[in-house]
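Each of the next two complexes has subunit A plus one other chain: subunit B in the first, subunit C in the second.
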Partner chain A sequence: MIYCDNGATSWPKPPQMLEQMNYFVNEIGGSPGRSGHTASVEAERVAFGVREALAEMFNIKDPQQIAFTKNITESLNYVIQTQLKPGDHVITSSMEHNSVMRPLRMLESKGLELTVVQCDEEGFLDPEKVKAAIKENTKMIIVNHASNVIGTIQDVEAVGKVAHEAGVLFTLDAAQSAGLIPVDVEKMHIDFLCVTGHKGLLGPTGTGAVYVNPAIKVEPFMLGGTGSNSEFEEQPEVMPDVWESGTMNIIGVAGLAGSLQFLKEVGIPNIHKREVMLTQRFIDGIKDIPGVKIYGPLDAMKKTAVTSINIEGAVCSEVGKVLDQGFGIMTRTGLHCSPAAHKTIGSFPQGTVRFGFSYFTTEEEVDKVIEAVKVIAEAAAE
Partner chain B sequence: MIYCDNGATSWPKPPQMLEQMNYFVNEIGGSPGRSGHTASVEAERVAFGVREALAEMFNIKDPQQIAFTKNITESLNYVIQTQLKPGDHVITSSMEHNSVMRPLRMLESKGLELTVVQCDEEGFLDPEKVKAAIKENTKMIIVNHASNVIGTIQDVEAVGKVAHEAGVLFTLDAAQSAGLIPVDVEKMHIDFLCVTGHKGLLGPTGTGAVYVNPAIKVEPFMLGGTGSNSEFEEQPEVMPDVWESGTMNIIGVAGLAGSLQFLKEVGIPNIHKREVMLTQRFIDGIKDIPGVKIYGPLDAMKKTAVTSINIEGAVCSEVGKVLDQGFGIMTRTGLHCSPAAHKTIGSFPQGTVRFGFSYFTTEEEVDKVIEAVKVIAEAAAE
Partner chain C sequence: MVEKKEIPINQEIGVVTFFSSHHAVQAETVLKEAGHKVALIPGPKEISPNCGVALQFEYEEKEDVEAKLNEKSVKFEAIHLYKKTKKSLLDKILGNS
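Coming up: the complex of A and B.
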């Protein structure tokens, strides 16, 4: 079995993840911020440690400006649904995931003004085009750091600079970059950083986070018990409590602590280096196979380890099925919740077959995948 | 160490929980509903198995009417924030948690009409008073099944009957009852059932669920990728997809599968019986100690295993600290995110010391807790 669906969720996980989850359940067990007893205080310490580790990774000064969420979709909804009002103008790109497009389209139907800047066929966004789209009422620019369909890495530092020079908020969807390539909220001028725990951060499902620039006033979205200001029936408005209603997934957060420890030990530059090597090996291995079309950049330095292809004469869902059942290779086929991105790269509505490698993928596995693509392409050509 | 904070989160967990989580991470690993490959399909099977187990437990006909959430606060916010509009009238009780009161108060500030029916000093809600509060524009009645402060169990079957006879929606907050006493959506006339995974269901944090009566049209709240209708930038409006945006906490859901298996083997009636025995033993052991005030019913059949007390001459946070550091007994002190409930029982703003037992609590532990209360009460009286 060769797992190539790391764009959806990373697998395997570093052993530290389960170790920390098991330790938490067996030895700690409390709910953070809810009680004053030993177990609860210890749970709070675990949660704060993860806030600190994320702050260190993303160059965030105050760890309390990071709220835990269940996934990046929750993070993005908090930002989009609380910060944007009817009459505001928002700029995004044509390479976004539905976790950005669906909330924006919903708000558009209620009076939000939306500009979708067209990317080129390799998925690249031109920061100058973003700059040209800014208007009097532009409130926010929101883009992803790397495409979930073809891996294209955007020059988000330039986009962030454009935003801040115009006094516009900048939100980064780092679903496909956090843990894989450097993300720096200062250098990239990021006001809202949205991440998920279970992809490049190699943590468990049910974990995500959202960072907010401390200069920005935050409004509640989901309201409930926060373990703070319990005497009031109004939601507290300070981070992280304002966006952390109800019992947090502390078992998941404990697991994320283990994963972040692993990432720190290996180092993100080393992870990136390895993924570039694996991805370039894959691209070079398939790019000359007759009938194989690769979408996006062919230079692995310009993308993450996610690569989309199609094979002439074969439907992508069928290719995925043969890869799975004939070769034990797991990919994700179709539209990857990103119809706009597929329209941009020219693969809508049929979709693509997406391969996503991770630090744990081996060169031998990549070679087997190349061989399988070759066999399927030859069969399709007959 | 004696853990008496099961009202916040249950501990220990049945061994099946971690077994299933470890198995999922090590042997399955895929994201449900996202891809067509073996791991993803297997993950989908795990998720559907939990929907089926919850459906069986709560007498729900169609498991697809259950959406997974991160906690009950999310479940309640989906229901409250999507179903209720300005001008609607809502009836709730004076014993509710802030996960109900905070969203309702926020909507009240935007034009929702809210009636809070006063409960008696033991926390009981009179269904006749609920009936009398119904008006022309009443849209929903929302109450908890059991108090998180004093354990009082409401006659929710009668409240549900009142609701349905008047053509009003009935929402049940089963945070403190699911897994501990029977919950039956048909018998209790429940339109929206909100539960959490990490309390009485003995599952991991980061899991919760919301059931919706199939006759009710559901609106999106958090929007994003659902792995379905990927070609559209609009949220699908069918359950469970409409309320399951982004990657679900499938590792947590796998753990919940193990916990539900344990609950099925033991049987909820047996769990209830044991908790009644432990709670009655505790109440009988402390009720005659001079200076000890017990809030709520003294008959354990009328309540869950959560009991609140105060000790004359001692501040509750101090009592909690002494219990923890002097006796290794973990409780939760203060207002338990439920200011209205404390006002109802007469313990606002000082709060109470809350003891919460579980199926795993032993009689010896209860006796040690009684002894500790006795020692602290005697010291406070001096």
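Coming up: the complex of A and C.
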């Protein structure tokens, strides 16, 4: 089987991930920050080590400003639901994932003003258009760094600058970019950074994180026990405790420690270099096949390793089925939880076939995928 | 893995107390990296009702320790000079004198 659904979750994982999870389960155990005993303190050290590793990766000064979540959807909901009130105005792009659009639309129905800035057909957002949309009551700009449908990478440094100069909060959805291309909270003026552990960071599912600019005092969202201030029935006000109630997925976080170690050893620029090479190989291999339509930029430097296509004469779900059952190639078809992006690129409501490669994908695998697309396109044309 | 340790009796030690174990572990990391001899200990109940974990350090190094914690923006509750004057329950169990 050839796994081409890294846009959904990365696979395989580096061996260090399971090594660290095994070590944690067998040798450490415990819940971090809940007891003064040896195992709990050791678990806390593991968790803190991951906060530090993430802080280093994203140029975050204070690792305590990072709270662990179960996934980036949770991170985004923490930010969106605590920061935006009826009467506020928020600006987003037309390429967003439903983890941003659904909470925003829900708040819109309750009085939030929402501007969706239209991106071009290749998915690019013009920072000038964002700037032009800012008004008196604009509270936040929220965009994704890279599209989960076609991989288009936004100029988030420019968008962050626009936000900063206007005194508006900037939230970055780094689901598809973390672990692949630079994410720098200082350079990009990011106030809230949302990341997931199980995609580009190559960690386990059930892990995610949210960074909060220390200048911002956030309200609680999910309340409960934090292992601190236990004499009070009020939620602590300080990060990470304010946004970290209940037992964290420490086994997952231990695994993430291993994955981040792998990323550090290989070097994220090398990860990127390889994924660009594989993606360009794929695009070049299929762009001249009659009947194949590739969405988004054809230059692999302008996107991540996800590529969406359609084949004339076939519905995308059928193509996906043939790829899976006929060729052993696993892709994701349909709307990829991003109706907005598909509307932007012109594939709504039919959807696309999405291929997502990783650092671990081989050149041979890419060539086999190209060959399969060719065969399917020919069959569909008959 | 378990070291049976207890704070010595009638010895002055430095203790940093914290609001949460996140900060205690951060302090341990920061101070160890700076070359200080520190250890996480159960917070003595007289000085630490808040968080169960405190940090023991050599009190002569108090100025450097405090400066390093502030430099790295590590949040802490207070820095204490602590002297245990009588045998604790743990001392009795471990047979310490």
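What we mean here is this: the second predicted complex is superposed on the first by the 382 of 382 C-alpha atoms of A that agree within 3 Å, B and C clash if a C-alpha of one lies under 4 Å from a C-alpha of the other, contacts with A are read in each partner's own complex, and residues count from 1 in each chain.
Quick note on the criterion: a residue touches a chain if its C-beta (ideal position, glycine included) is under 8 Å from a C-beta of that chain, and two chains touch if they have at least 3 such contacts.
What you see is a predicted model, and the numbers here were worked out from it, not measured in a lab.
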Contacts of A:38 with subunit B and subunit C, given as first, second, both or neither: both
Dominant contact partner of subunit A by residue count, subunit C or subunit B: B
First (subunit B), second (subunit C), both or neither touched by A:226: both
Partner chain in contact with A:162 - subunit B first, subunit C second, else both or neither: neither
Contacts of A:106 with subunit B and subunit C, given as first, second, both or neither: first
Contacts of A:349 with subunit B and subunit C, given as first, second, both or neither: first
First (subunit B), second (subunit C), both or neither touched by A:25: first
Touching partner for A:366 - first (subunit B), second (subunit C), both, neither: neither
Contacts of A:335 with subunit B and subunit C, given as first, second, both or neither: first
First (subunit B), second (subunit C), both or neither touched by A:238: second
Overlap of the subunit B and subunit C footprints on subunit A, listed as residue numbers: 35-36, 38, 40, 226-227, 231
Subunit A-facing residues of subunit C, complex: 1-2, 19-26, 28-29, 40, 42-43, 49-53, 73, 75
Complex interface listing, subunit B residues touching subunit A: 1, 3, 5, 8-9, 11-13, 17-18, 21-22, 25-26, 29-31, 34-40, 70-74, 76-77, 81, 97-99, 101-103, 105-106, 196, 198, 204-208, 220, 222-227, 230-235, 245-252, 255, 317, 320-321, 323-324, 330-340, 348-349
Sites on subunit A touched by subunit C in the complex: 27, 32-33, 35-36, 38, 40-41, 44-45, 47-48, 52, 61-64, 226-229, 231, 236, 238, 240-241
